[in-house]
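Once you've had a glance at the structure underneath, I'll fire off some questions.
The first chain written gets the first letter, and so on, giving A, B, C and D; residue counts start at 1 in each chain.
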Amino acid sequence: MTERIGIIMNGVTGRMGTNQHLIRSVLALRREGGIRLADGRCVVPEPILVGRNIAKLEELAAAHGVQRFTTDLDAALADRGASVYFDAATTDLRRENLEKAIAARKHVYTEKPVALSTAAALALYRRAEAAGIKHGVVQDKLFLPGLVKLRRLREGGFFGRILTVKGDFGYWVFPGDGPPAQRPSWNYRKSQGGGIILDMLCHWRYVLDTLFGEVRAVSCRGALLVDRRWDEKRRAYAADAEDAAFAAFELEGGVLAQINSSWQTRVRRDDLLTIQVDGTEGSALAGLTRCWIQPKAATPKPVWNPDERRSDDFFAQWQEVPDTESYPNGFKAQWELFLRHVLEDVPFAWDLLAGAKGVQLAELGYQSWAERRWIDVPRLEG
Amino acid sequence: MTERIGIIMNGVTGRMGTNQHLIRSVLALRREGGIRLADGRCVVPEPILVGRNIAKLEELAAAHGVQRFTTDLDAALADRGASVYFDAATTDLRRENLEKAIAARKHVYTEKPVALSTAAALALYRRAEAAGIKHGVVQDKLFLPGLVKLRRLREGGFFGRILTVKGDFGYWVFPGDGPPAQRPSWNYRKSQGGGIILDMLCHWRYVLDTLFGEVRAVSCRGALLVDRRWDEKRRAYAADAEDAAFAAFELEGGVLAQINSSWQTRVRRDDLLTIQVDGTEGSALAGLTRCWIQPKAATPKPVWNPDERRSDDFFAQWQEVPDTESYPNGFKAQWELFLRHVLEDVPFAWDLLAGAKGVQLAELGYQSWAERRWIDVPRLEG
Amino acid sequence: MTERIGIIMNGVTGRMGTNQHLIRSVLALRREGGIRLADGRCVVPEPILVGRNIAKLEELAAAHGVQRFTTDLDAALADRGASVYFDAATTDLRRENLEKAIAARKHVYTEKPVALSTAAALALYRRAEAAGIKHGVVQDKLFLPGLVKLRRLREGGFFGRILTVKGDFGYWVFPGDGPPAQRPSWNYRKSQGGGIILDMLCHWRYVLDTLFGEVRAVSCRGALLVDRRWDEKRRAYAADAEDAAFAAFELEGGVLAQINSSWQTRVRRDDLLTIQVDGTEGSALAGLTRCWIQPKAATPKPVWNPDERRSDDFFAQWQEVPDTESYPNGFKAQWELFLRHVLEDVPFAWDLLAGAKGVQLAELGYQSWAERRWIDVPRLEG
Amino acid sequence: MTERIGIIMNGVTGRMGTNQHLIRSVLALRREGGIRLADGRCVVPEPILVGRNIAKLEELAAAHGVQRFTTDLDAALADRGASVYFDAATTDLRRENLEKAIAARKHVYTEKPVALSTAAALALYRRAEAAGIKHGVVQDKLFLPGLVKLRRLREGGFFGRILTVKGDFGYWVFPGDGPPAQRPSWNYRKSQGGGIILDMLCHWRYVLDTLFGEVRAVSCRGALLVDRRWDEKRRAYAADAEDAAFAAFELEGGVLAQINSSWQTRVRRDDLLTIQVDGTEGSALAGLTRCWIQPKAATPKPVWNPDERRSDDFFAQWQEVPDTESYPNGFKAQWELFLRHVLEDVPFAWDLLAGAKGVQLAELGYQSWAERRWIDVPRLEG
């Protein structure tokens, strides 16, 4: 028996929204015939596109055989056939959109950050709970094969006691006067929810919480490295949102983490994001998809010798973790989990409270920068 | 005309002292026939070894054809034929030794840290100035070919405006229960002047000051990762000095620097120490000897794509800086400069004040750790 | 203060005796100035060569500056200045030689097998104990760097629970009609103590006992593969001692081991001897000097697919264990330990009882072959 | 003239059944237009799928354009248009299924093991003979290119007198708590026909019999290495069937063979299965597809030298046997031979008696393990 579930998808005309949420998640699930539930039912997701630019919506809908699209969010929310609202629209409107959807008693699934302040994020969570709807937040990085491999290593006891975590994220974002910038201009404007701390500390929160222990304190130093940029229309603008941040974190259980995030760094690393974990029994370094390990038994004994040109190949001393399971697209995997959460009540860990924790870490990161000190991270009560 | 200059060398029975200061510096200068001065004189250094273990001294002297050695520092200092005192003995005795040498009106050259507190280091500097002797501090890392190349890049304007500096230093020091530890046990004991902050922040001070701008503020977080170690005789001991530190620095001119130092990290990097400099016009990453660059014009435009196994070789996108000058052993180069400073008054930048700055940064690093905040670095007045 | 210790060395004109025991052990210790004891004394070993061929002895002594040599073992044993007797003469005379030496109240150190039967070996042990002399048996393979690395892996917990051990030993010994044989002809004659079971099971006993658990049962199948050989003088002879053996062992603690030994196999392996250990947490394969590991986390998931030419490089999936300590010549290391055992009573694990265990395993291996069944290995009582 | 031959295929929904027997054998023969017989007729095989799960059958049939499928074996056997019955269903039901098929006077072709006891297997053979039907057993490993190359070497006299055969089979089967297991859980349950001795000794029987001489005696030691596993649904279960076996075999003509089989070994070998043959004139090592040789004339003379890091590349000393014929998929090749046996009476060596021999060797392997002794292998009379 086949049923349908209507999903209002707001703001999927951007690159990530279109590719990851629409094409590779919702439409991919459609193409496969929907989700087969434990009770035998088969449920096919049916997207309703919402956006601000009708021409773009029309084009997108036509290209992918989507029947319904509109610029009128309220009308879409009034549709009783749609039970899920998804938000990938701009950060500054997210809270308002989600509140409307909750008021319309839709289950909500949303991109991060869920709001611009911890208080607002918590209020959203409480509102959703009070309304009795299901809610979830995209936390895609957990599904990156490289991070899945890190998690398996930790679960398998590979690291022994974990000592430190070192993360390096970023790449060179072109200011836009030469080659066009590869990120949208709102990322560099405070008033539109830009800033790498807000963007990335939301991610680091769930990555650290899930893989290594709850974040207990943060020290963060942002920097506005490039303040003159050129937007999508090649007009110069003054960037006022930080484009780099050096942060350190104390985690529950005593692990210390340090993560650099920068949109103005050139990449001489294994990947755009690398996370190195050092433990008593072994170390690992993960990129987005690959992961390398050096167990205690294969740890070389380097000696500092300034007299000789170094001949060690420090990369050859690591061994790649092989693929031993399938790594589905993380966005799709999480969409399927959320829809099962809605449809058959399977547990779903990444709710609006988890989303609020991400906002909290970003907020405290800004506070740490302003006050030039470590800030403890209070436990968020639901 | 050949003259001799007697050099009292205290504490060169250790690995670095023997190899770098004695064999590859002082004895190498001897073998080459000494230093030829601008006025035509040729001055041959003549070492007088001082230490605590007469057997070791005897063996070392015999192995390298050194005539004079003693365990009696005072007697050595009383020798009017020796005009230079060099100290590579243990950190905790350094200040006392240097004070004696200054009192004996020897020119002093010393390993770092020059003292265990900024106040003591400054006092030493003032005492040396008052005595009218010449003084210098070993600052060997500046002579590493990789860092020389960085300096040349900066001098040549390669970076444009420098944005950030990211350093990663360290390797895995074996605790000593399995393979023997490759560092001495005093490094891990506070009472003996151990600790990676004291050791390395002294270095980072002159590296940052010289290459990128005077350090203006520091945020530092140490960690005692491995507290049970085995010493040179395979006896277990409780380590109480920190073996890792995550530090950030604000530099004069606005550059932000972040440097990780750890003796418990496994090396998946180009070298045991790597320093990446990102600038508007290009980036560079230096190891001890090699250095790679990526100028603006060769900067690729990576796109975050979690769906595909990354095929970019991020290392191949950099180009190596060729060797365009000779890179003499840094210890020897600095010895020669110091001796010329003594003998013919050529300028010498790395004096006891510079040494005091290193101690200061380490001291403030500890304060930052204790107070969990950024600490401004006051200018040291001579 | 320097003393001398006289060592009667019987049968060191053969390749191993000359190279390993004389040149690289006893004479090497001489060259280094002897062994420094804990109490400060320095003891220099002084060899007295004994053999059957006076011309060979003379040549050997001359080549290496040895003063004393003789063909008269009894006369040598009568020398009260020599306190140690070492036996590397032929297997069939060993017991008699050792009995004489014990009767002369020399400390004895000997090659294996110590005797041709367990009863005789045990009797030797008891005689030595009754005489109150010190005794030791060469067990050199334990000092091979590859096996040292295996031991370190086990001590470090690398394997988790060890499941199985697979050994493959051997190489192609030329029968001697074409290229001359590279092993002596007595190895292939029963009457002279030949046979690969007698030779190698003595080794496997201490290797297995020490690395993986005491041998509790053995199943062994010998084979006489090549029965026509040519001796040192190129005369054909009928070989009657087995030149290959397939053996399996049950070890205390439940580990199962399987070792092939053959002098008629061609080597497509990492080394002449390879030992693979499979454990729940990882596997290792050691050769004589090198060792490779594959931890659980790097274990690939091969699928049997007969349709495609295999493109996996099964060797590249292993990582080499680096050298993290020095690996002195094993013969010399054991000689030094034995002499310290004699001179200052340091413990020495490899005594005549351990030697008897090796003989026992060989004897039971022959019994297993004859009776076509597993044989339990009784504990040897001293 | 084109005819059709109906083939009832029972149990081809599993990985091997679907891929090897259905797609790459029967359907491949169909696609090629069938088998052209010596008399000019062309016969196209027409599969009728039988299984227990109708949904799976439906999906499989649809995916490959198969018209007929059913869960009712009896009904299928009643179809007079089908003259061949093929069995790849579970081991525990095989005998019963085959008896039914023989009773229905179908020619039978079957996976191994043909039954769970020698007596049952022999009874099947006699029943088939009495019924006058044609019968065959899958013996796919003989068609592996690597083993074909070994056979060619033997036929060409490459080995001279064969001395020993050493086999090493296996790889790491994941227990299933981390990465999912790559073998079905019934393999590890005795009650469902699991166990590596039953599985692999059936193979080793025809491999040894065919390539090197009939097996005359067996010594086998099984082991249950991992007794806690996780099944297809990630539920823990207690494994009670052995997952490793060390076996030795005496072959007619005096060759000695030793084969390790393990599902808990990590692969540092040329392939998942390697067979090394040592002969007086040369040696060969075969994997699934490739084969390397070392003839007498190219045999190096290694010398045991524990003092030097080995620099020989023992792998480079072998030469690869080139592909000199086509190596069709072994399953398909044997299917075609069996169908020709049925259709035009060409000889077919691998009948139910050969199948019974495989079962016999497994059975005696278990007996050897239980009684801890060698067991003679009686000749099976038809």
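We take it that a residue touches a chain if its C-beta (ideal position, glycine included) is under 8 Å from a C-beta of that chain, and two chains touch if they have at least 3 such contacts.
Model, not experiment: these values are computed from the prediction.
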Pair exhibiting more inter-chain C-beta contacts, A-B or B-C: A-B
Chain centre separation (chain B, chain C; CA means) in Å: 49
Whole-Å gap between the CA centroids of chain A and chain B: 41
Junction residues of chain C, two or more chains touched: 152, 156, 282, 294, 296, 299-301, 317-318, 324
Arrangement of touching chains [line / ring / star / complete / other]: other
Residues of chain D defined as touching chain C within the complex: 20, 24, 140, 143-144, 163-164, 166, 168, 171-172, 174, 178-179, 182, 217, 219, 221, 223, 225-226, 244, 246, 248, 256, 258, 260, 262, 264-272, 276, 278, 280, 282-283, 285, 287-290, 292, 294, 296, 299-304, 306-310, 314-315, 317-318, 329-331, 371-374
In the complex with chain A, residue positions of chain D that touch it: 174, 178-180
In the complex, chain A residues that touch chain C: 152-153, 156, 158, 282, 284, 293-301, 317-324
Sites on chain A touched by chain D in the complex: 152, 155-156, 324-325
